[in-house]
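Take a look at the following structure, please.
Note that the chains take the letters A, B, C, D and E in the order they are written out, and that residue 1 is the start of every chain.
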Amino acid sequence: MQSGLGVKAARVAIVVALFAIWEILSRTGIVNPRLLPSASDTLATLGDLLQRASVRKDLAVTATEVVTAFALAVPVGALIGFLIAENRYFAEVAKPLLFFAFSIPKSIFLPMFILVFGVGFSQKVGFGFFSTIFIVIMSTTTAVESVKVEHLTVARSYGATPMQTAFRVYLPSMLPVLLEALRISMIFNLTGVILAEMYASRDGIGHQIATWGENFQMKQLLAGVVMIAAIAIAFNELVRWVEARCSHWRT
Amino acid sequence: MQPLANIAPLKPAGAIEVRNVGQVFKTTTQDVVALDNVSLDVKPGRFVVLVGPSGCGKSTLLMMMAGLRQQTSGTITISGAPIPEPDPNRVGVVFQEASLFPWLTAEENVEFPLALRGISKNDRRARAQEALKLVGLDGFGKRHPHELSGGMKQRVSIARGLVQDPPVLLMDEPFAALDEQTRMTMGDELLRIWAATGKTVVFVTHSLTEAVYLADEVIVMSPRPGRIVDHLQVPLPRPRTYEMLSGDAFGSLRDRIWRHIRKSA
Amino acid sequence: MSAASVRRLIVIGLIALWEILPRMGFIPELFLPSLSSTLAAGWNEAGEYAHALAVTLYEVAISMAFACGGGILLGAVVGSLPRPRILIMPMVSSLYAVPLVILYPVFTVWLGIGSESKIAFASIYGFLPTMLATAAGIQTIDPQLLLAARSMGATLSQRLVRVIIPAAIPTVLSGLRVGGALVIVGVVVSEMLISSAGIGYLISRYRTILDSPHVFAGVLLVLAMAVAFNAAIKWIEGKAAIWQTGTRAGQSAEEIAPAALQPAT
Amino acid sequence: QAADTVRIGLPTKTYWPTTIAETAVRQKLFEKEGIAAELTIYRGGAETFEAMAAGAADVILDATSLVSAGRKKGVNSKVLANAAMGYYGWQLMTLSKSTLGVKDLNGKKVAITSAGSGSDLLALWTQQDKKIEFTRVPVGGGGLVPNLLAGNVDAAVVYSPLSFQISKSGEARTILDFSKEVPPNLAAGWIALDKYVQDKPHLVQKTLNALYGALMFMRANKDASVKLITELYEIPAEIAALEYENTIMKLETDGAMDGPKIPEQLQLALDMAKAGGMKDLGPASEIISTQFKPVLTKF
Amino acid sequence: MQPLANIAPLKPAGAIEVRNVGQVFKTTTQDVVALDNVSLDVKPGRFVVLVGPSGCGKSTLLMMMAGLRQQTSGTITISGAPIPEPDPNRVGVVFQEASLFPWLTAEENVEFPLALRGISKNDRRARAQEALKLVGLDGFGKRHPHELSGGMKQRVSIARGLVQDPPVLLMDEPFAALDEQTRMTMGDELLRIWAATGKTVVFVTHSLTEAVYLADEVIVMSPRPGRIVDHLQVPLPRPRTYEMLSGDAFGSLRDRIWRHIRKSA
């Protein structure tokens, strides 16, 4: 555990190094600064953007959509994944279909969502949900399969109800895989919502980013990307914090 | 209105009836007959020890009594009713392999069955402490399984079995990883609890001395296919003492079992 | 009814709906042209589609090798070495958090608009989840098994190939599935965004001119790729089935007693 | 009592219809008509049209060719008002340091946004008109300038105000100005589904009144309009002024669809689209609606 | 040119030297001194048995001798050299928990260490068959671990240890899950192999009878912290016979150990 500090330092060092390389590439003109504005410029723009009420509102809109889609997709996906892993019949019916659905580019269906939901909150949440649920299902299935039979036997012998088995045996033993799944799902979710915003929307940060891109406003574009990345990374860190809390028993 | 129901012979809590039970495993290569036509009656409150060479089907029989595995043929009743599902109110199990949950501490592992029944945190903790003390693991409650030695893990597993207090207790080689002294102490402890609570205990062991020392009855099994080859009553008085170990009665019982084992192993 | 036939019924039902809904006018042809007109459209331009398919398959194949092969291997290495795991994994998953799709137009500046940029994008898109999932799966491996392998002098690569990967096989397989699927998605999406060849290109081109039958002919080809990919995975799973015996994924229905198979909610 | 809401679909943010609709909103012209407007920006013309077909947009601005193509796909809509007779602000550009002329593009690579889009039509038109052959490379809206700067393509078909922007910054120069070279044709108009027109003709009328009123306002108020463009698209004022002069001021002011030349000019637009790969286009006459004549809202 | 090197006392293969070894585990709650200043010399070819109450550090000591865990203080040399890493050419281990690879059959588990060394398939199979026969599992080679009983698994694990044929063999309670008959047979088998190959064996058991029966020397440990409290030579002649079990010499040795255990448990 003493190495914790060293690791943190190493991580910070790597991040700083990445930003430094970015800055140098741009400043020295190795990469055309019009195409890659320097890190400092980008960060300055980011600060600027965050000052704007409209950007903050867009962020809030996107955040609400992302959180809603995530809050819907994860439990539903986990439940389906769980059923698939635990019920052979259901698994045989649904597994190939779901896995098949997973390998289709979701953006093909964006117009369908407009057809069903119109343009707005529910369409974006719907598409975020749709982009996320399959990965959640697949990861849960895998996670469930990694649970040891002996542990289930013990729980059964003590008369654990299915709920108890789920929360006291499955959940803790699946935790590492599950948390990883959560992380990946969040990224899919975020990308889904942003794609939907870019495709058609009145507000949201994805909408802004699309505009900046089409207008060749590289500083704003990069700042927007950094902003979204920062949000995703913050979520990552949150998951990792939970992970650290929960898995000290693993050596 | 239906007085007959009250008159009908009522199977008291703790009786075990095994009738013509068979178990066949299907493996990739062939079918394995693990148990063949096993019948067995255990009266409530008896301490029965199951012995037999490795692979003769002792664990399999226990799993069926616990409702954790269904027999291929025959019937099993516990306290008068079949046991299609594990029922912790009727049967408790201590497994051959400790199977502790690695994410819980020793204490929490012992509390696990109580937590399932929704017993309050304080109560649970108190009873777990007591059970851990019983198996000599006072002060190890906060450790995780990977921080315990083999024998310690097994003792946690025993504590977990004892804490739930069912009328029938099935124990699969619970003392295998223990040193002789600990083993004796724990055996005496077990007998004390058994005598005080009137539980029915089915106990698997490879130590014949332990078998005779603990048992009211010893059931000897032979392998391939698993069958009961002998069922002895142990007429030694209770409480048992270490002096009995060197007595003739003890020796001749032990020898009788030994001859069965030698033949069939 | 057997699971397979239910599944077949669902598929047939979906296909029938695809034909009927647009025909009856429930969905405008712009959003979903009937299956028959889609097939006709595809057939009329068979040559164009064949060429596009070849381009896409080529990109998919190469990205697949990078994403799945590299992802599993690196995931296994990183997952099994604590130091790199602690240092690298959080950075990798943070890296993945950068929404690459948005940056894709800028991406093409450095990699050109040919296959290279698609391959790079799809490889990264598929690589990271595969690696993350594999590394996470590795952590659920019983450390005792690694200890045993080490004691027998297994080198790092031997441990990887003979212990870590087989022990993590369910995770690895799902990594393969996720990674492979994402590669297909990644290639098609990047083709849709910026390219002058491939199925994705055809889809977005026909979409721009509202030629929906041709759009869906392209979608149909993507579906076909997904089907083929699933078949391939199934084949690999079949091969890996022997490795899974003893894990939950590989146990037959009788192994886990019936109750465990009940849905848990 | 809540006013009726008209959902207006706009193909991209920086495209001039957005400017008009935003002006109408800010000058409260919709309010004056007694309606509310909800503006939604889509990724492109095709997406906007799909949104209308899906019932997510009521009145849209789009390429007239899509209306014709849509009729064959079961989406019945008409062009209600003439908005632009040309491709204002669209330019074929190369890097400033490049010496290529239009004729030199033979065998070279030219970036367009996406295949089948407006930029593609213009590229195809250039090939026909100048009798040259080049490769059209779809790079998306966000990829035009980066790929041009990176030298991945030799020229690009750039829309406004981006075209003014990179020309002003000295990065690129115009070698062909489509607003001047392409013969007048009814390239873009305000569009609605037949069903919507039938159900709510009064809303359509009011919407058009407000939109054309907004255009009038802009023509009359240069400073305010330039300021709005500057704000909306985060571009320098001088670029906004260019956009104002070269785009806004060129737009059709009355929206009339009953002029004698309209069918011909619309047909010209459809013919260009056919050259661009669109199949199944009907005659121009079936997509003309003369039902509305905007009565400009007073500002 | 350097004759001196030949004259210098050469540590023969199989010698074990443990010097002032300590092991401290850091747990979340406190530091645990598992072993404290343990010193021990095992001459090549000796059969040494380690006994002591549960949790006294026997397994820990074995892990350190195997190079699977580094001591916190002191030095350990095997065949004259320290063992910072497991080295199957010097030391083989049979673990307290069977630790079989669940995806391999019994046979393949036994072959595993041979496969690591690149021994040919046929050779491997032949040697695995022989080892399985030795532990009485003829005909069970094709089963997977989950299809075996507890004792059978342990025997597979013993076979896997034997097949490696290292000069030093460390065995952690290998016979714990076996019935008395099998245990005796396997003990004799082990003694035979040991005598024939001249291996050094360090053997942990809880059965004092087994300890005295098998050992040249018995080392007795006490817990918390783990220390060596006695080191006895067993002067009984070889080959050992079951008659010796009832002899006086045997009894008094057994008693001496028993007293230590009783005191410290």
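Operating definition for what follows: contacts are C-beta pairs under 8 Å (C-beta built on N, C-alpha and C of every residue); 3 or more make two chains touch, one makes a residue touch a chain.
This is a predicted model, so every value here is computed, not measured.
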Q: Return the chains common to the contact lists of chain A and chain E.
A: B, C
Q) If you count the C-beta pairs in contact for each pair of chains, which pair comes out on top? A) A-C
Q. When the centre of a chain is set as the mean of its C-alpha atoms, what distance in Å lies between chain C and chain E?
A. 48
Q: Quick one: report the Å distance separating chain B from chain E, using the average Cα coordinate of each chain.
A: 30
Q | Computed distance of Cα centres, chain D from chain C, in Å | A | 39
Q. Residues of chain B that touch two or more other chains: which are they?
A. 28, 68, 86, 97, 146
Q. What are the residue numbers in chain C that touch two or more other chains?
A. 31, 105-106, 109, 143, 245, 247, 251, 255, 257, 259
Q) By residue number and range, which residues of chain A touch two or more other chains? A) 35, 111, 115, 149, 156, 173, 198, 210, 213, 218, 221, 250-251
Q: Within their complex, state which residues of chain E touch chain B.
A: 25, 27-29, 32, 51-55, 59, 96-97, 142-144, 147-152, 155, 172-173, 176-183, 185, 206-208, 258, 261-262, 265
Q: Please name which positions on chain C make contact with chain D in the complex.
A: 25, 28-31, 33, 105-106, 108-110, 112-113, 193-196, 201, 204-212
Q.
For the complex, give me every residue of chain A touching chain C.
A. 3, 7, 10-11, 14-15, 35, 79, 82-83, 85-94, 96-97, 99-100, 102-108, 111-112, 115, 135, 138-139, 141-142, 144-149, 152, 156, 162-163, 165-166, 170, 173, 176-177, 179-181, 183-184, 186-187, 190-191, 194-195, 198, 206, 209-210, 213, 218, 221, 224-225, 228-229, 232-233, 235-237, 240, 250-251
**Q.** Residue ranges of chain A touching chain B (in the complex, touch as defined)
**A.** 150-151, 153-161, 164, 168-169, 172-173, 175, 246-247, 249-251
Q: Spell out the residues on chain B that touch chain A in their complex, using ranges where they run on.
A: 66, 68, 86-89, 91-93, 95, 97, 99, 101-104, 112-113, 115-116, 144, 146, 164
